[in-house]
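What follows is subunit A paired twice: with subunit B in the first complex and subunit C in the second.
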Partner chain A sequence: MSRIQLGFHINAKKCIGCFTCAMACKNMYHQPVAVLWRKLYPLDESIYPFSHRGFYSLACNHCETPACQAACPVGAYTKRVRDGVVIHDQDKCIGCGNCIRSCPFGAPQYNPVLRKAEKCSLCWQRLDQGLKPACVLSCPVEALELKDFCKADLSSLLAFPPGFPVTSGINPSVRFTLPQSPCIVRQEMP
Partner chain B sequence: MPVTKGEYQVFRNACPRNCYDTCSMQTYVKDQRIQFVEGAPESSFTDGGLCVKGYSYVQQVYAKDRITHPLRQVPRGSGHWERISWDTALETIARKIREIEEKDGSLHGLCLATGSGNHGITNNSPDGMMSSLGYTTRTRGTPCWPAGIDAQAYDMGEMWCNDPEDLVKSRYIILWGVNPAWCSIHSMKFIYEARERGARIIVIDPLFTQTAAKADLYCQVKAGTDGILALGMARVIIEEGLTDPDFLSNHTLGYERFTAYLDQQICLAQVSEICGIPESEIRSMARDFASIKPATIWVGYGMQRHTNGGANVRAIDALGALTGNIGKPGGGVRYGHKTNRIFNYYAASMSPPQGAGPGKDRFINTNRLAQEILDAENPPIRMLWNTCRNPFSQDFNRPLLERAFKKLELVVCVEQFMTMTCEQADIVLPVTTLFEEDTLNVAYWHYWLALNEKAIAPVGECRSNTRIAMDLSEKMNQLFPGSCTFPTHLTSEEWISREFNDRVYEMFGITSWKDLKSGPVKAVIPREAWGDGRFATPSGKYEFYSKLAQSHGHKALPEVVPGRKPSAPFRILTPHSKFSIHSQFQNLDYMTAFNPEPCVRIHPKAAAQKGICDKDLVRVFNDQGQIVVRSRLTTTVPQDTLVLHEAWFKNKGYCVQNLVDDQSSDMGVFKTGSPGVAIHDQFADIEKISPAARRFPFNFWKTR
Partner chain C sequence: MKPIKEIPLVLFTILSQAAVGLTLMEGFFIFFYPGEARLWSPAVPGLAFLCLLVGLACSLFHLGHPSGGIRSLANLSVSWLSREILAFGGYGAVLGLDMVLRYQGMKIPMVLLSSFIAGLAAVAVSARVYKNPGYPALDTFWPFVFFAGTAWVLGLFLLGMICPSLASVLRPFIAVALVFELMTHFLAPIFWLSGGRAQRCTAIAHYRSFFFWIRGGILVLMTGLFVFARSDLSVLILVLLTVQELIGRVLFFNYMVHAADHIGKSLE
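This part shows the complex of A and B:
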């Protein structure tokens, strides 16, 4: 069987910043209020010229060489061979926070109720049933897609677009398409 | 019966909110508790997904601060609440109703205030409950879209639009004052698909909306001048011979008069000056719209919330008629439709009790609730029954409403959460969510019909509007036999089956309403809106020249009607947020995590002139009232405009209606019984709050 690495295509050209994906995650897992596995990041005006009109929807990037896994002292993180999903085992987690500090993307979050870390599971239980992840299923415009990074043609997509942390060695499984601006007709007033 | 999928029971539901999308849903229940919700895969409109609001429903159902038993507040507004039983609540209400009748000799002192909080078809039961008691006072009209409805009724005979799924066939789409990226997210995929098939997407809006960011061309029109822009485009289309002569000669009335008007009164240079869009751009949009076929316009509701709102929509309709796009696949001027409102509305249509004698209901303008309560005499309005509505958050002229409520003797509020209106109630009755009752839902945009099944038992002591009506009827008859005709013992199945008739079955191609248990169904749509070229106007044609409009006090032609005169330096716009439908959803903790606090959006240049920086505490004020919020600097708004999104933030006191008065829009009476409201013809000033003032707690909603 050939190797599979699942990852997200964040199509900011299509994304309408509706927060549906982020809420679909809450709907599925009901994490404590402040724990957000997926977040919408509004792009700075230097990247997209209008504030809160361009977004990256980000969660765990299920990296090829996960920093969280390397930092975890108790082996709570595993990377599934079958599809490259990075899974956090909360039973093993001791809540030390090493993963939270080491992830360049802020994916692991601290659960103040359980006093442990947690993060996006890529809905692996759903994947195993042949279902789409909750966030991908919820997107009304297919701006969030799940791809097999080993097979898909990623050549036209960006690995490190402006506003996304540049990292080396860990190879996050996420690629981007940048937002575009329309032709704009507006009057400037004195 | 629900379907079992693995460990879950899956129920059919439908989102009953006042929203274009009215999503068909599936609800996954385990251990008598909702685990999660999804979009129904059968609906090609909803397409398996919900929105940020729909996915927050589980929290709405189980929120810690949800009201789950009846409450009484003594005295009203004091915050001194006590739990009471349903029996005590209903008996207090029943005795008050009888007291009013004995005092006044009629029930006009009892007023029902309903809104758009729940569009479930059997949720019309509060209306039926009132009718079953006798002749009462009712709010009539709608704040949402009345001026545009009348405009389309004068032009075409009725508001009616193509299936939104046929947007994919369009080659040129003008999204005029509409923001589907926030307010109809499931429509966006059809717009994207149209573009993939070669369509151009144009957004005309005073604000650089999220939809504008996704367009090919964005034109920033000055608020309320949409009609003038449309007339400018119409002039270009006629001047350059780009009309559809066959459509004009066979299917329209008054084209010559309209042409003469444009010729004499519309000067492109002036149009450009007024609406803020260069002549060259008006010309090229007009040419493209007229020559690329099919072309369509989606008219939003914002542009008709002006004193010239109906006139704006009539001028835009005219573009569809001039170019013969009306009645075509992928064409039309889309505003909404009511073709699926063919149910029996049994729950709403009850007869008065014997002994109520001859009489009729008293109607008041729903958009001027405060003034109407203050003005009502002989008898005054003594008791208000408020359901599916949150006046203290959503009704216009909030300060006046505070005065009006003082005149009421009993306020009953049917609610899920302790809203600002509940805070001004004597009795609060806890109502079910959509998951705790059975009903049916259709939309005013797409053409799907969905069953809404009871997925869980009501939380706490919550009861549906229909159950409350049945229980009040039982209590009335127990205390005062023969005083109420509302049925007391119908099952959910009986309520639903009584809404169906042969027309419904035919429209949706089903033989029994139980067919809906296997999923939503789409209406069988024989043709595009006005596809046979026969209009529902008096002449049977598209009427550029409407004698009916003239007889109602409007211009016969779609003419320029000047807007409301500014009364302060900034226009304020209070549109919908993506995180809420009116005052619903923003109060949930899940939503607060994404959108923690309200703000006023202001252009950086305007802010600089006022010495305001990002996130400053500012005061937005006019003659009516004020709001204190943080500023957010953004170039998405025009320099002369402040934007405050309407919403109810729990515990924040934020209410845009402090600044919005109840000035009527031009149209709405014809089809909805009351004129609309010029929600976007409002003005205010803004100032930074001095550091000294920061030390004091702010009472956000008090008038100056």
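This part shows the complex of A and C:
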């Protein structure tokens, strides 16, 4: 069986910052207040110095060598061989918070109701039925795309764009297209 | 001032490092001052064992589900947290054995050596737990430096309290240890200022913190007392020392900036 590593392509050129992806995820899993598996990060002026805004829509990056998996003392994280999805088993979690401290992308979150960590599952139950993840399905402008990183041509995409933590040894399964600089149009006065 | 979090971990790290420090310093002085009879006191492993036991009990309270703590050895192959539990468990077992033997009048250097090595390994593994990419300021050698400093200073002080006859011998060592603590306290943020955005923000968070300057002040005062005034060991000084260690650990657990806090911002 050939290797598969699923990951997100975040197209910031298309993203309009509507939060639909984050809300679709929230509607699907009904996390408590303040727990968001997918978040929208507006780009700072130092990165995108224009009057309209750019965004990165980020969740778990299902890294090749996940920091959360290496940090967890009870083995609650597993990486599926069939598609590279990193799954968190809440039955095993003891709520030590070590994964939350270790992940440089802030993917695992503390659920204060369950007193356990949790994170984006890449909707693996939907994937197993041949469906798209809720966030990808909901995006009205197709700014989120699921790709097989072992087969897709990623040469034109960025692994560590400005504003995204640069890490070594983890290899997050996420690639970016930067937002487009606006073109200035001068209109001739009649 | 922001609310203080992770108090169980603050207490666990301080108490476990005090226990290890006591073992390490006793081992050091037994090797270099073999004629000092009070060094083999059963109170030394006794106090270290008590500190470790209370520390381990405190550590359970940082878990969302403390009853699940028993399963924390499940991921020894990759998780440094699992290894930390194993290391402190092993150290506790050897320390307990040393304590029982000494209360029965037996002084076995091999047991002391074993607890010395196990304690040193436990502090090193404990520091490795916090060296992770989530906190760039800690993804360095600093956790080990901080933990070793705490073990060194608290170990010397506690040993001095148990063996008052050693006070004059211990004083210069305490002075050096306090100078080390003082230097690391002020040097770490300077080091972080030369790093990436998260490290720089960590340094700034330290400089803006009331705790940072209070701890710095206590360390300056104590270093002055030991280096220039040649102060004696006293309970008041031990309390001051413990307070500054607690403040240092509050800074460690509460004033580090996470890498994810700056997503979308310039990281340079």
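Note that the second predicted complex is superposed on the first by the 181 of 190 C-alpha atoms of A that agree within 3 Å, B and C clash if a C-alpha of one lies under 4 Å from a C-alpha of the other, contacts with A are read in each partner's own complex, and residues count from 1 in each chain.
We take it that contacts are C-beta pairs under 8 Å (C-beta built on N, C-alpha and C of every residue); 3 or more make two chains touch, one makes a residue touch a chain.
All values derive from a computational prediction rather than experimental measurement.
In this superposed model built on subunit A, subunit B and subunit C occupy separate space and fit side by side. Contacts of A:Q187 after superposition: subunit B is touched, whereas subunit C is not reached. By the touch criterion stated above, A:C18 is placed in contact with subunit B alone, subunit C being left untouched.
In the superposed model, A:V74 makes contact with subunit C only, not with subunit B.
When both complexes are overlaid on chain A, the residue A:C150 reaches neither subunit B nor subunit C. Legend: residue contacts after superposition of the two complexes on their common chain; A:G106 is shown touching subunit C, with no touch to subunit B. Judged by the touch definition given at the top, the superposed model places A:Y56 against subunit C, while subunit B stays out of reach.
Of the two partner chains placed by superposition, only subunit C is touched by A:G163; subunit B is not.
Between the C-alpha centres of subunit B and subunit C, as seen from that of subunit A in the superposed arrangement, lies an angle of 130 degrees, given as a multiple of 10.
For the pair subunit B and subunit C, the minimum alpha-carbon spacing after aligning on chain A is 16 Å. Within subunit A, no residue touches subunit B in one complex and subunit C in the other.
Against subunit A, the residues of subunit B that register as touching in their complex are 6, 36-39, 47-53, 55-59, 181-182, 185-186, 188-189, 192, 203, 208, 210-220, 276-278, 281, 578-579, 589-590, 592-594, 605, 632, 634-636, 638-640. Considering their complex, residues 62-66, 68-69, 71-75, 78-82, 85, 129-130, 132-136, 196, 198, 258-267 of subunit C touch subunit A. Remark: subunit A residues 41-44, 46-47, 55-56, 58, 67, 69-75, 92-98, 100-106, 110, 114-116, 162-167, 170 touch subunit C in the complex.
Residues 14, 16-20, 22-24, 26-28, 30, 33-34, 36, 40, 45, 48-54, 129, 134, 137-142, 179, 181-189 of subunit A are the ones touching subunit B in the complex.
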